[in-house]
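Pasting the structures in now, so scroll down.
You will see two complexes here that share subunit A, one where it goes with subunit B and one where it goes with subunit C.
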Partner chain A sequence: MAESPLDLTRRGPRLLGGGGGQTRAVALSTASTVVVVAVIAALFLLAPGSAQVRHTFFSPPDLWHSLIGDPAKGYYSIGAAIWLNIRMFLVAEVFILVFALVLAIVRQSTGPVMLPLRVVALLYVDVFRGVPTILVIYAVGFGLPALDLNVVSTQGPAVYGVIALVLSYSAYVCEVFRAGINAVPLAQVGAARSVGLTQAQSMRYVILPQAVRTIIPPLLNDFISLQKDTALVSVLGSIEANRAAEIYSATVFNYSSYVVAAVLFLILTIPLAHFTDHLIARDRARRLAGAAP
Partner chain B sequence: MSIPLPPYGAPSPDSPAALELRQVRKSYGSHDVLRGIDLTVAPHEVVCLIGASGSGKSTLLRCVNLLEPVTAGSISLSGQEITAPGVNADLVRRHIGIVFQSFNLFPHMTVLRNITLGPVKAQKMPRAEADQLARDLLARFGLADRAGDYPDRLSGGQQQRVAMIRALAMSPRLMLLDEVTSALDPDLVAEVLDVIRELASSGMTMLLATHEMNFARDVASRVAFLADGEIVEIAPPADLFVRPQQERTQRFLRRVTDAGRL
Partner chain C sequence: MVEPFDSSYAPGPKRFDFDINEISYSAQRAQAVSFSNSYYDVQQSLIALKGSPIVTAHSPADLKGYVFGDQIGTTSLSFINTLIQPTQTPKVFNTLNDVAQALATKQIAAFVTDTPTAQYITSSGEIPKSVMVGQFPSTGEHYGLLFSKGDPLVTCVNQTLATLAANGTLTALQKKYLQLYLTVPTIKP
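The block that comes next holds the complex of A and B.
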C-alpha cells in the first residue's frame, strides 16, 4: 500500500530515519553513530585517569567475582541478590495496584458520607507524594520494629522495604488512576446510569475499563521507576543487588560490583521500558484508525 | 426503596398518565433553565419538544430520567412520584430509556455487550436470554450482522440505532430521545427516524426533543414548543404547525420556515 507523507509523519519519531530502504539514510546514520561512539571512546581511553577508572570500575575478574559471589571471602553474589529486587518489585506492584485503585475511587467519590474518607485519602496522597521514598523506607524499616509488637515488629528488612515502597508508590499511582478516570467522558457515566447501572456498577463495567486502557503507559512508567527504587531498600540492610555490590566493594576495594548491579537493573528495566513504548505506539495507531470514517 | 410499577403498556386505572410533570423547575445557581413545566403524556402517546437551543428541552429530558435532580415540582411515572425523597433512581431509570444526541455507546464493548450490559447487570437477566433479546432487536432494526463489532466500526446512523436498541433492551415503559439525529450526517438521519417511527407505531410512549420539524409533524401525537424554560404552547401538530396561537410560537416557526426546515 502506498503511504502518503502524512502517514509517515503520523508514525512519529523513529530510531532509524526514513523508510522504504533508503540506503543513503542508513549509511549516514551508521556513519554518524560510529563517529559519536568513537569520540566518546577516545575521550574515555585518552583521559589521564583512564587506566585507573578501567581498573576500578571495569576490571573483568572483579566483574565476574561480584556477579557470582564467594561467601567464604565475605561477599555475596549480585546475580543472586537481584532476585530479591525482582521479588520485592513483583509483590509491591500487586499491592500498589490494589491500594492505589481504592485510594483513587475514594478520592473520586461524591456524597457527603464519604467526606471523612476523602479527606484522609487526600492527606495520604499529599504526604506520601511529598516525602522522599528513602525517608519512608527509614521510617517504616526502623519505626515498625521499634514498636516491639507481635508480627508487625518481627519482619525482615525486605518486608519493611516492600511496605514502604507500597506506601510511597500508591500515592503516585492513585493519581495516575484518577487521571485515567477523569479522562473518561462524563457522558459515559450518564449512559451507564441510564441503562439502570448503579454508581458502583458504572465504575466497574464502564469507567474503569476505559480508564485503565489510557493509563497503562504512565502506569508502566511508574513501575520502571519502582524496579529501580527497590535498590533503596539496601539502606535497611537487606542483601539486594545494590547492597551486595556495596559489600563487594567494601571487601575487595573495587567498584566493578556497582557496574554489575547497574547492568542487571538495565536488563530488568529496558524490556519493560520498550514494552511501554510499544503499547503507546499501538494505542496511537489504534486511535488514528478509530478517527478514520 | 423500590417502587412497584405495572408492566409496560398497562396504564394503572386511577392514573391514566404515563408521565406527569407538575410545576417542574430546574435552576443551576441563579440560572433558571426550567420555570414551571406542566406536561402530561398519555400511554402510547408521542410528544415532541421543539424550541431553540437552550430552551430547556435536554434538561427536561434529563430531569425526567433523574440524571438531574429537579429544583422544585414533581414528576410521576405511571402515577408513581419518582421525584419523591427516598426513591431509588437506579430502579426508576430501568423503566425509562434515554438516547442521547452523541450516541454515548460504550467504546470498549461490542455492540452485543453494549446492549446486554443493562439487562444482565441491572435487571439480572440470564446472559443467554439477554443475548437472544439483543440479537432479536438487532435483527428487527437491520443490524443483525453488527453484533460482534465495536462501536467505532459503525457509521453514526448505525451507532445511534444501537443506542436506541440498548435503551429498548431494558423494556422501558417510556423512551426519551434527546435530539438523536442532530449529530448525524444528513444522509444518515432517515434510518434513525425510521426506527423512531417503528417504535411509535408499536405503541411505545415517547417524549422526544427534536429539530426535525417535518418528522415531528409526522410522528407526534402532540407538539410542545419550549422557550426560556416554559412550555409556550402545546397542541397536536396539525394545529401547532398550521395555526400557532402564541406570538412566540409564530415567530419561532417563521424562523424555522425561513431556514427551509419546515
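The block that comes next holds the complex of A and C.
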C-alpha cells in the first residue's frame, strides 16, 4: 500500500509549509524558533520600561514570598491556596458529569410523557449557557445565604462556588454529551432494539459507550476550562490561588504574585491538555486503522 | 478623572499627576509609588450586626475567634491579619458592598474599615441593623496623595499640606464634616 502524502505526518493533512527533506525541515523550524524567541526577548529586554516591568512582574523575592505567604504580613501562600482550586475542581467535575448526563438523556428522550422534563432541560441549558459564569457565582454565593435557611444558607464560599460551577458547566457538558449521542449512527439504535434490548438498555449498553469515546477530547477541554474558572469563586471571599495573588499584589504593590498563580495554573492544566492531545491522536490512529482495507 | 485603585500602582507612566482616593500610606507601598505627607489620620473601626455576640464580647482574645471578612487590598484587611490575627482565615471580597452583603447574610461575624467609611455604612442603613462596635487605637495610618515613584511634585504638595495644617484649615474641615468620629468608643485589637 503506497502511503499518500496526507499520511506522512500521521496527524492528518499538513496545512502549512511545503515539502523538502526531513533535515531541512528540522533546520528551518529550529532557525525560525530561535529568531522568534530572540526578537521577543530583545523587545522585552530593550524596552525603556524593561527594568521596571521585570521588577514588577518577575522579582525573585516577591515570587518566592507570594508562593509561601506570610499571614502576619497580610498575605497568604498561593501554593497552599491552589489546593482549594484543585479540590473545587475535582468535586465539581464529578457532579457535572452526572448532572450533565442526566440532562442530555432527558433532552434526547422521545416519549410524550417526558415532554415537560424535556422543556425544563431545554430551558435550563439555554439559561445557564447564556449567563456568564461569574454572574451565576454571584447569584448563588450571595443569594442562597440571603435566604436565611438552615443548611442551605450556612455553607462556605467554596461550596457555593462549586454549586455555581456545576450549574453553569453542566449546561455545556450536557450539549457535549448530546453531540456524542447524536454521533452514534441511527442504525445502531435500530440494531439494538431489533435484538430485543429496551430503549433504556440500548442507551446504556450500545449508545453511551460509543458516545463517550467520541466526546472524551471535548469533555477534557471543558474540564481544563473548569480548572481555570475555579478562580472566579474568589469573588465570594474564599482565598484560592487567584485571590491570594491579588492580596499579595495589593499589599506589596507588586504583580509578581500573578505570575506565580499563572505558573501554578499552567502546571495544573498543561498535563490535562496534553493528555487530551494524546487521546485525540490515539483515537485518530484507531479510526485510520479501522478504515484501512 | 477616575482611576481604579488596582491600576493606580501599575508600572509605567501614570495618567494622572496625583491620585487622591483615601489611599493609606504603608512602607511596603511606598517602595512602588510616592506618597505625600498625611492629609488625614485614620483609625479603624469594627462593624457587626446588632445583637451578634461580637458586639458584647470583643476582648483581644475574643476577637481572634470570629470569622472576619474584608475588601481586598485594604489596610483594614492588613489590620485584621497583623493585629487581630484571627484563627480562621478572613474572607476577602472584591468590593466593600460584597463585604457588607456577607455581613448582612451572616457569612462573616464582623469586618473592619476606616472610621469615616464605617460611620457612613452604619448610619446610612446600607446594612440594616449594623452597628459600629468600636474604634481601634490609631496605628499611625494616614491617607496620602499617590504619585509616580519619585515625582518631584510631591515636595510642592507637601508644602501646601503643611500650610493647610498650620493655618487650621485641615482641622476645621475635620471638625465640620467628621465631628461624629470623636464620639465612638475605643476598643483594643
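Basically, the second predicted complex is superposed on the first by the 273 of 293 C-alpha atoms of A that agree within 3 Å, B and C clash if a C-alpha of one lies under 4 Å from a C-alpha of the other, contacts with A are read in each partner's own complex, and residues count from 1 in each chain.
Note that in this section a contact is a pair of C-beta atoms (placed from the backbone, for glycine too) under 8 Å apart; a residue touches a chain by one contact, two chains touch by 3 or more.
As the structure is a computational prediction, the values presented were derived from the model and not from experiment.
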Checklist entry - With both structures lined up on subunit A, is it a clash or a fit for subunit B and subunit C? => result fit
Checklist entry - Touching A:209 in the superposition: subunit B (first), subunit C (second), both, neither? => result first
Checklist entry - Given the touch rule stated above, what does A:201 touch, subunit B (first), subunit C (second), both, or neither? => result first
Checklist entry - Regarding the shared-chain residue A:188, is it in contact with subunit B (first), subunit C (second), both, or neither? => result first
Checklist entry - Among the partners subunit B and subunit C, which is in contact with a greater number of residues of subunit A? => result C
Item to check | Inter-chain angle, subunit B to subunit C through the CA centre of subunit A, in degrees rounded to a multiple of 10 | outcome: 150
Checklist entry - With the two structures laid over each other on chain A, which partner does A:74 touch: subunit B (first), subunit C (second), both, or neither? => result second
Checklist entry - Of the partners subunit B and subunit C, which touch A:129 in the superposed model: first, second, both, neither? => result neither
Checklist entry - Measuring by CA atoms in the overlay, how small does the subunit B-subunit C distance get, in Å? => result 50
Checklist entry - Can you list the residues of subunit A that meet both subunit B and subunit C? => result none
Checklist entry - For subunit A, which residues are in contact with subunit B within the complex? => result 185, 187-188, 190-198, 201, 205-206, 209-210, 213, 290
Checklist entry - If you look only at subunit A, which of its residues touch subunit C in the complex? => result 49, 52-53, 55-56, 71-74, 76, 142, 145-146, 148, 153-154, 157, 234-239, 243, 246-247, 249-255
Item to check | In the complex with subunit A, residue positions of subunit C that touch it | outcome: 6, 9-12, 28-29, 31-33, 69, 72-74, 77-78, 81-82, 85, 89, 91-94, 98, 101-102, 104-108
Item to check | Complex contacts: residues of subunit B adjacent to subunit A | outcome: 62, 65, 67, 89-91, 93-94, 96-98, 100, 102, 104-108, 117-118, 121-123, 152, 166-167, 170
